[in-house]
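To keep things simple, chains are lettered A, B and C as they appear, and every chain counts its residues starting from 1.
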Amino acid sequence: MNDAAVSEDAPRINYLTNGFSVKSWLLSVDHKRIGILYLIAMTCFFALGAVAAGLFRLELATAEADVLANDTYNKLFTAHGIIMVFFFLIPAVPGVLGNFLVPIMIGAKDVAFPRLNLASWYIYMAGGLTTLGAIMLGGIDTGWTFYTPYSSVYADSNVIMAGTGVFITGFSSILTGLNFIVTIHKMRAPGMTWMRLPLFIWAQYATSIINVLGTPVLAITLLLVVFERGLGFGIFDPARGGDPVLYQHLFWFYSHPAVYIMILPGFGVVSEVIACFSRKRIYGYEFVAFSSLAIAGIGFFVWGHHMFVSSQSEYAALIFSALTFLVGIPTAIKIFNWTATLYKGSVVLSAPMLYTLGFIGLFLVGGMTGLFLATMATNVHLTDTYFVVAHFHYVMVGGMMMAWLAGLHFWWPKMFGKLYNEFWAKVGAAVIFFGFNFTFFPQFIAGNMGMPRRYHVYDLDYQPFQMLSTAGAFLMGTGLLICLITLVMSLITGKKCGRNPFHATGLEWNKADSPPDTHNFTEPVNVDVEAYDYTDERIYRDA
Amino acid sequence: MSHATSDHAHKPYQQHHFESMQQQTQSTLLGIWLFMAQEILFFGGLFAAYTIYRILHPAAWEAGAASQNLLLGTINTIVLIGSSLSIVLAVHAARHADKAKVLKFFSLTLFLGLVFFGIKYVEYSAKWDHHMIPGIRWDDHHALHTLQQHAHAGQHLEELPSGIQLYYSLYFVMTGMHALHMIIGFGLAFWIMAKTAKGCFNEEYYPHIEYFGIYWHFVDVVWIFLFPLLYLV
Amino acid sequence: MNTAVKTSPDVASDYAQSVDALYAYLLGVSVFFTVAIVAVIIFFTIRYQRRKADEVPEPTKDGKLLEILGSVIPFILVMIMFFWGAKLYFDARLPPKDAIEILVTGKQWMWKVQHPNGKREINDLHVPVGTPIKLTMTSEDVIHSYFLPSFRKKMDVLPGKYTQLWFLPEEEGEHHIFCAEYCGTEHSLMIGKLHIVSPEAYEAWLSTGGAVSTVAAGDDPVLAGKTLFEANCTVCHSGMPGAIGPNILGAFGTERQLESGESILMDENYVKNSMLNPNEHIAKGYPAAMTSFKGTLNNTQMGQIIQYLKSAAE
């Protein structure tokens, strides 16, 4: 501890200043640096996905084909879907915030397997670049769902390469999930009992379970598609006796739980932000914690609701419908509890809080419209229409992306030790919120009117809604740019902040510096308080 | 810095981010079991496809299984069980820090693995000769002829049963994935043997050997499932 | 924007109306809860906004009441949705015995329809008002989905198996037919019109040209070829607006310009080769979008089409 005296005047070495070479980043096993690597890579993927969306939104502004050829349009929406789902939505919160925060929040020096963690990032990049290669070298036009036999026999595009890319990336999710489960089980600091864990950790834990158990099924399924297409094996192709509906079962067995892989970490973020900006313990902590596990569990048994018109048996559909409604209950509990947390709180509408409240509003709409799709008779009408497109964007973008931005703004000062411009951050949040609603709300109406998804040209009846949607998309894009500029500017001109600028509870705010030390903590960590104890005066000392 | 505050001495093989050796051991063991869980789900997708197609095309499955060489399959099963036993003995030797024995039993495991591949090669090449590899080398006429020759007594095949290509596709994917896991196992085994030879392990620290044992047993168990499903039905 | 923007789908049957009633219930519950929760959140954020920087609110004790109400009330509401939705779904599952059966085949990117008397049409579907219609559907290639939004009905159309969709047209009119399952490049052109006409008009429609299409193949190769042409080639090759292939009616025996810059005589061999290997010679100015008819048409049928093309050029 003899360097303690030195640190009085010289700034302490933190994880950001611990080496500046490219190698010190690319070979770092520090979970915080790996989190930043994910942040950079993922932002690039997100930008590409957003550009693809902007292009086909432009095309869809009018009913005729006027900007893009049909083939280009198909390749763009496929690229958008694959990039956003596999390279943004799934890894965003676990890869960036999870990596950065899970060890710090539980009082550990690192994740259980730091080298494996770095390997996960490389696997993610390898998969991402392979998929990107497939998109650049001619593209892929199957939609992100890779439905057979179109993908395995008929499509004339880079299915094998893209499928391989997604397959590779799957192992990144599996290994990250495995790492987090072990870390949360075995690496907690003394006194950090399960019931003292922040809800963000509970959410990461539930997500990781789905990652470890669901992703391998997607992996083998995509591998079978690659074999069928590349080697001519008969697996799903009816011409060889195969059943294309089996593909859908295997695909959705992973891809429905994947929805929870995307949204559960968002739930975790929302719990942290609401607690901090209303200075209250999350109402019904245990219910919120266990509802994450309940969602993860039941979520494995609802996949068939994607297939009500696929020719699966009506009785299977009946069971899937019932279970889908059940999964809505724990979700409803979470929303009620977040709302109740605000009651008699001390509420501040900071930028992360605006994103979070935006999340609740949009996720509510997403969840409610989910009921329309869980109901069998209405599902038959609405499935494969724009209603579904709007529904899952309300959940994935309105829910997950808003939560991700909430989390990014919330922990930004912790990650980089700098405060961003609060005014512009709020403007960004507001523009994104309104732009989002402009983009996707009209699609509910178009969908109920019968407009099928993935249409390049369409009936004039739907044009007003599509025009609104396109206008909204560009508004939303503007909001995202404001957000990006605000955050990047903060690194250059932002005011330095202390350990706990928001006076939040949690080890990351109270025991770690901003930005944290390479080993996270400079003193031994012992937990002696419950989660979200906002009456603990120690949290108000440092800013 | 935080090291200075720890009141216990670090063993050289304890990684700095763990507080104690016990924590490290428990963590890696849990990690290995979780990895096995995902492996089960990975093969689970294949078993699901197998089950559904077998229900849809029972005749193809019967004819396909009858065409397999039961003798070679049985020998291979015994060979793999032998290799698993050999790994058990290697782990036992590691517990007593008997470096020579560890290396000996690892070699034996690898040798048995090679025997397995040799037999597998004979089986695969027979399929190649009979034009029974879907998509790559398949001929209805040849395939039918081979199936008729191997059909069980009292069973007469007029034409190829529907879904026969599915059976062979799944046969190759499942045994192929199993073989891939064995090849990965070979790589791991060489690495561990090198570490053993360098003297990285002692009687209280030999996790790599133990975990390799778990992995190899898993690969063995997959075969124990594949063998009856593909050869016996 | 004009004031005539439509915001709800056409209602073409009682079933559609009952689905809409369920939809209205779902909408009511959704709007109520969304508005209520958002209102409460807005109220709380204003009422309990932080007034002093060092303000620390009293902790609220967790109560079980909210959790119980928060589980039970949604549970009851969603169970109503579940049973209502399932009942409608099962009630409408089986087609009535007296339904007219019409065969529908999906093929990238068209709907091929055959009526009970053998009359065929492409993409469009003519049905008489007042009689249940049962569509028996299959696909020649990838998965499609037959979607009748005005009837709130949809069913996937799969290769290698048959699926069914039935509906009861209750009023004369025209409605959309869409392919709802993404099926490749021209997915969005795999659309048609449902024409609901009076039974008399349907009968009349069936017999116009019906005599032609019900002629057994071989009786008159030109007529048989015409039927086959109309079933397989018309959409792209008869000069319809927006067609993706060249108009070949009347082109037989002429020199055709190719994308490669060469030209080729349109004779028997060329036509047949184009059906089997469509992408070997691409017509100038058109995409390589045609798929092979190998296995779909036999030699005789290809011969009949060639005879028809010959006669059309005379």
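Before moving on, here are some points about what is shown:
Everything below uses one rule, namely that contacts are C-beta pairs under 8 Å (C-beta built on N, C-alpha and C of every residue); 3 or more make two chains touch, one makes a residue touch a chain.
Since the model is a prediction, treat every value here as computed from it, not as a measurement.
Of the two chain pairs examined here, A-C and A-B, it is A-C that is joined by more C-beta pairs in contact.
If each chain is reduced to the average of its C-alpha atoms, the one that sits nearest the average of all protein C-alpha atoms is A. A centroid comparison over C-alpha atoms places C as the chain most distant from chain B. Separating the centre of chain B from that of chain C, both taken as means of CA atoms, is a distance of 47 Å. For the pair chain A and chain C, the distance between C-alpha centroids works out to 34 Å. We define each chain's centre as the mean of its Cα atoms; on that basis chain A and chain B are separated by 35 Å. In chain A, the positions touching at least two other chains are 243. Contact with two or more other chains is made by no residue of chain C.
Residues of chain B in contact with at least two other chains: none. On the side of chain A, the complex with chain C involves touching residues 70-71, 74, 141, 143, 147, 149-150, 153-155, 238-239, 243-245, 278-281, 283-287, 309-311, 314, 317-318, 321-322, 325, 328-329, 332-333, 335-337, 339-340, 342-349, 357, 360-361, 364-365, 368-369, 371-372, 374-381, 383-385, 445, 448-450, 452-459, 461, 464, 534-535, 540. Interface of chain A with chain B (complex): residues 1, 3, 108-110, 112-114, 174, 178-179, 181-183, 185-187, 212-217, 219-221, 223-224, 227-228, 231-235, 240-243, 246, 249-250, 253, 519, 521-524. On chain C, the positions that touch chain A within their shared complex are 1, 5-9, 18-19, 22-23, 26, 29-30, 33-34, 37-38, 40-41, 44-45, 48-51, 54-60, 62, 66-67, 70-71, 74-75, 78-79, 81-82, 84-86, 88-90, 92-93, 108, 141-143, 145, 147, 149-150, 152-156, 158-161, 163, 176, 178-189, 191.
Looking at the complex, you find that chain B touches chain A at residues 1-2, 4-5, 15-18, 23, 26-28, 30-31, 34-35, 37-39, 41-46, 48-49, 52-53, 56-57, 60, 134-136, 162-166, 169-170, 172-173, 177.
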